[in-house]
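What follows is a pair of complexes built around chain A, which joins chain B in one and chain C in the other.
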Partner chain A sequence: MNRFWLQAAEVARKDLLIEGRAGEVLHITIPFGAVALLLLPLAVGTDLTLLENIGAGLYWVIVLLFGMLVAFRQTADEGPAQRDMLAMMMVDPVARFAGKAGATAALLALFEAALLPVVVVLYDPVPVGGWGWVVVAGLLVAVGMAMIGTLAASVTAGLRTRNTLAPLLVAPLSLPLLVGATQVYNSLLGGDSPFVFLTLLVAVDLGLAIVGVLTAPIMEET
Partner chain B sequence: MLAVNSRIVELQGVGVRFGTVDVLKNVSLDICRGEIVGVTGANGSGKTTLLRVLATLIRPHSGQGQILGKPIGSGETAAVRGRIGLLGHTAALYPELTLAENLRFASRMTGVDEARADLVLAAVGLQGASDRRLDQCSNGMQRRADIARLLVSMPELLLLDEPHAGLDRAAADLVEAAAREVAGRNGAVVIVSHDTHLMQPLVDRMWRIDEGELHQTNGAMGESDKRTPQKGAT
Partner chain C sequence: MTRFEKSGLWGALALLTAGAVVAVWSPPDAIQGDYVRIMFVHVPSAWLAFLAFGVAMAASITWLVKRSPTADAVAASSVSVGVFFTALALLTGMIWGRPVWGTFWDWGDARMMTTAVMFFVYLGYLALRRAIDDPLQRARRSAVLGVVAFAQVPIVHFSVVWWRTLHQGPTIVRPDPTIDGRMLAALLVNLFTFTVIYVVLVLFRLRLSSAEESLRARMLSAENPLAGSAVASPDLEVLRNA
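Right, the complex of A and B next:
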């Protein structure tokens, strides 16, 4: 493994270790997301057809909204002193981006997997063939969200308004992911091919990766 | 072998501006290998900014010079960061990780043998606390661990920002030993502190910074002065 991947793997390992100790995704964000999924049936009543129809879409909305929390948590462990340390150790900024996004993507995938049984139990969404594609869409959403969160965190690092500014950046950037993920499910539901929307998700992820790679060195120097 | 009297840092007319505020004005400073230099000054006088310029973390808006052979203000300067150790106000470590995990992380990132992490932890007297999380350590222990982090990569240029803050005598001795060790192997050390008395026994030359302007002062003549007969004062 070359130095770049070693550094990226080390950053990801460190972030996952810190999350393992803090347990915020496991003990706070996942239960919080499950409660959010529980609240809607209480609000709209027990219209089972309605719940079946909105279940999948709501799942993705919850994943995106709460995914922001996961992405931001992953970047909160680095203050100015830690950022200086990484710069002084000449850690490749792109390796940092890759490592942080990788760790966040793994946590988001865990978050998605944990909420899936909740949405099935509460909403009983209409089953579709080709669930494997939904899983692929979930992984692409996790990777995309992780990169958006990492980018937003580096743009807002050190700003006093970080906590409000970062979600404002993330929410609109996440829209293509939301559209892609919900349409993959809808395509399968209608018996159509999901490839157009899977391609959209791949394209968004690739675009984010390019932006991340190009901006990481600039972000470090500013 | 490196030349004893070669200049590790040369700054000429360096200025740093944050917005409309001139934080450093026309700063000129030479530091030779084997030298320990002190910079004192009041709060907000520009001490930390000067240290961050030397760490290549801030690009000056004016002036010229070199740090470890690379011209300042260019993209090239960042290439020497791995040869510079910076001790800031707060520990540049991760609170949720143990001391050993923090140092092993630093050693893996810099490509240094992990065994050195354990070695330097013992050198700063923390071998018994290696499995303790940083956020469960006292401020003094955190500072020691941060010094250990610096020693992992054996820097040529050691930059210490208020290194005595929050340290007992034994820990302060460690800082001084680390500074002498770096200077002794032909590196250089810059210590920034508002407390002249703590620095005086250690440094070869002392500078004072007032509202961003650097002036050499008289008085500092430490032991390492004897090792470096020629100084690069400007």
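Right, the complex of A and C next:
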């Protein structure tokens, strides 16, 4: 493994270690997402057919909205001293971006996996063939959300309004991920090929990776 | 207000009147009737939003290359005005949509959805600027966001081509324009009018930004007096005369 990936892996390991000690995602965000899935039927109606039809869509909305809490968790926030220390240790800013996004993607994948049984139990969504593609879509969404979140976190780092401002930046930009994820499920439901929407998710992820690589050195100056 | 700004303001008001006159002079549409006149505000607003965000992106790139405070001020001013025009395009689109489409908002329409997303992305840009006090940090972070956010503009523009939803496709920018000559003339007059208004608004916004910066600097210096500033130096003139 070359120096870049070693640095990225080390940054990701550091973030996951801090998260593992604090348990912010596991003990707070995942139960919060599950509560939201429990409350939603009380607002839209408890008709079982309706819940079967909207279950998958609501799952992705919860993943995207509550996924922001994962991306902007307090444990991922680095103060100026930590940033300066990483810069003085000659950690490549792009490797830092990759490491932070990687750690957040892993936590988002965990968040998605934890909420999946909740939505199946509460909503009983219409089953589709090719669940493997839904899993692939979930992983692509996790990677995309993680990169948007990491970008937004670096733009809002150190601000008093970080926790309210960052979701405002992320929510509109994550629309292609929401469309891609929901349409993969809908395509499978209609017996169509999900490849168009999987390609959309891959394209969005690639675009975000390019933006992350190009902007990381500039944001390092902050 | 400078003489140039006064001239710009009066010129914009005169052009706005001319735009309103030609919008009334233009014939009603065969299907939409008089509702088509809303388009003389809606279409220029949408085009101006694209122009404003394009200028903001160019100014953001200029800042990233040259670190010029003027480029940062131009980007911020252009986004402020662009957000106003985006809101105007959305609002007039909804007002027109109610009688013609039968609904204010069509969830399945790609152009409406992508425009709304663009509006919120740039609202986020303005919110980010307001949240940062340090001018250098604000300029750097806004410049990055100004470049990234521009990705929304081609998506909004081509949404009617990529997704065949309710919003009509290109009417003017195509090899065989399908619009009536008088309507096209009225549209072009209003497009020019709105462009002048955009320039005037950006100039006013730049002046306001400059005044805001001076005020902010003055407040910061008042809050943080220099060490030892409470100690006055002896007045040598008084001592000599005593």
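Quick note on the criterion: the second predicted complex is superposed on the first by the 218 of 222 C-alpha atoms of A that agree within 3 Å, B and C clash if a C-alpha of one lies under 4 Å from a C-alpha of the other, contacts with A are read in each partner's own complex, and residues count from 1 in each chain.
FYI, a residue touches a chain if its C-beta (ideal position, glycine included) is under 8 Å from a C-beta of that chain, and two chains touch if they have at least 3 such contacts.
All figures in this text were calculated on a predicted structure; none of them were measured in a lab.
Chain B and chain C, once both complexes are superposed via chain A, fit side by side.
After overlaying the two complexes on the shared chain, residue contacts for A:L42 are found with neither chain B nor chain C.
An angle of 80 degrees, to the nearest 10, separates chain B from chain C at the C-alpha centre of chain A in the overlay. By the touch criterion defined above, A:M219 lies against chain C but remains apart from chain B after alignment on the C-alpha atoms of chain A.
When both complexes are overlaid on chain A, the residue A:V211 reaches chain C alone and has no touch with chain B. Applying the stated contact rule after C-alpha superposition, one finds that A:T161 touches chain C and leaves chain B untouched.
The superposed arrangement places chain B and chain C with a least CA-CA distance of 5 Å. Residues 221 of chain A touch chain B in one complex and chain C in the other. Residue ranges of chain C in contact with chain A, taken from their complex: 64, 113, 117-118, 120-121, 123-124, 127-128, 131-132, 137, 140-141, 143-145, 148, 151. If you check the complex, the residues on chain A that touch chain B are 3, 6-7, 10, 14, 17-18, 21-22, 77, 79, 81-82, 84-91, 221. Interface of chain A with chain C (complex): residues 151, 155-156, 159-161, 165, 168-169, 171-173, 175, 207, 211, 215, 218-219, 221-222.
Residues 55, 57, 59, 78-79, 81-82, 84-86, 88-97, 101, 105-106, 108-111, 133, 149, 153 of chain B are the ones touching chain A in the complex.
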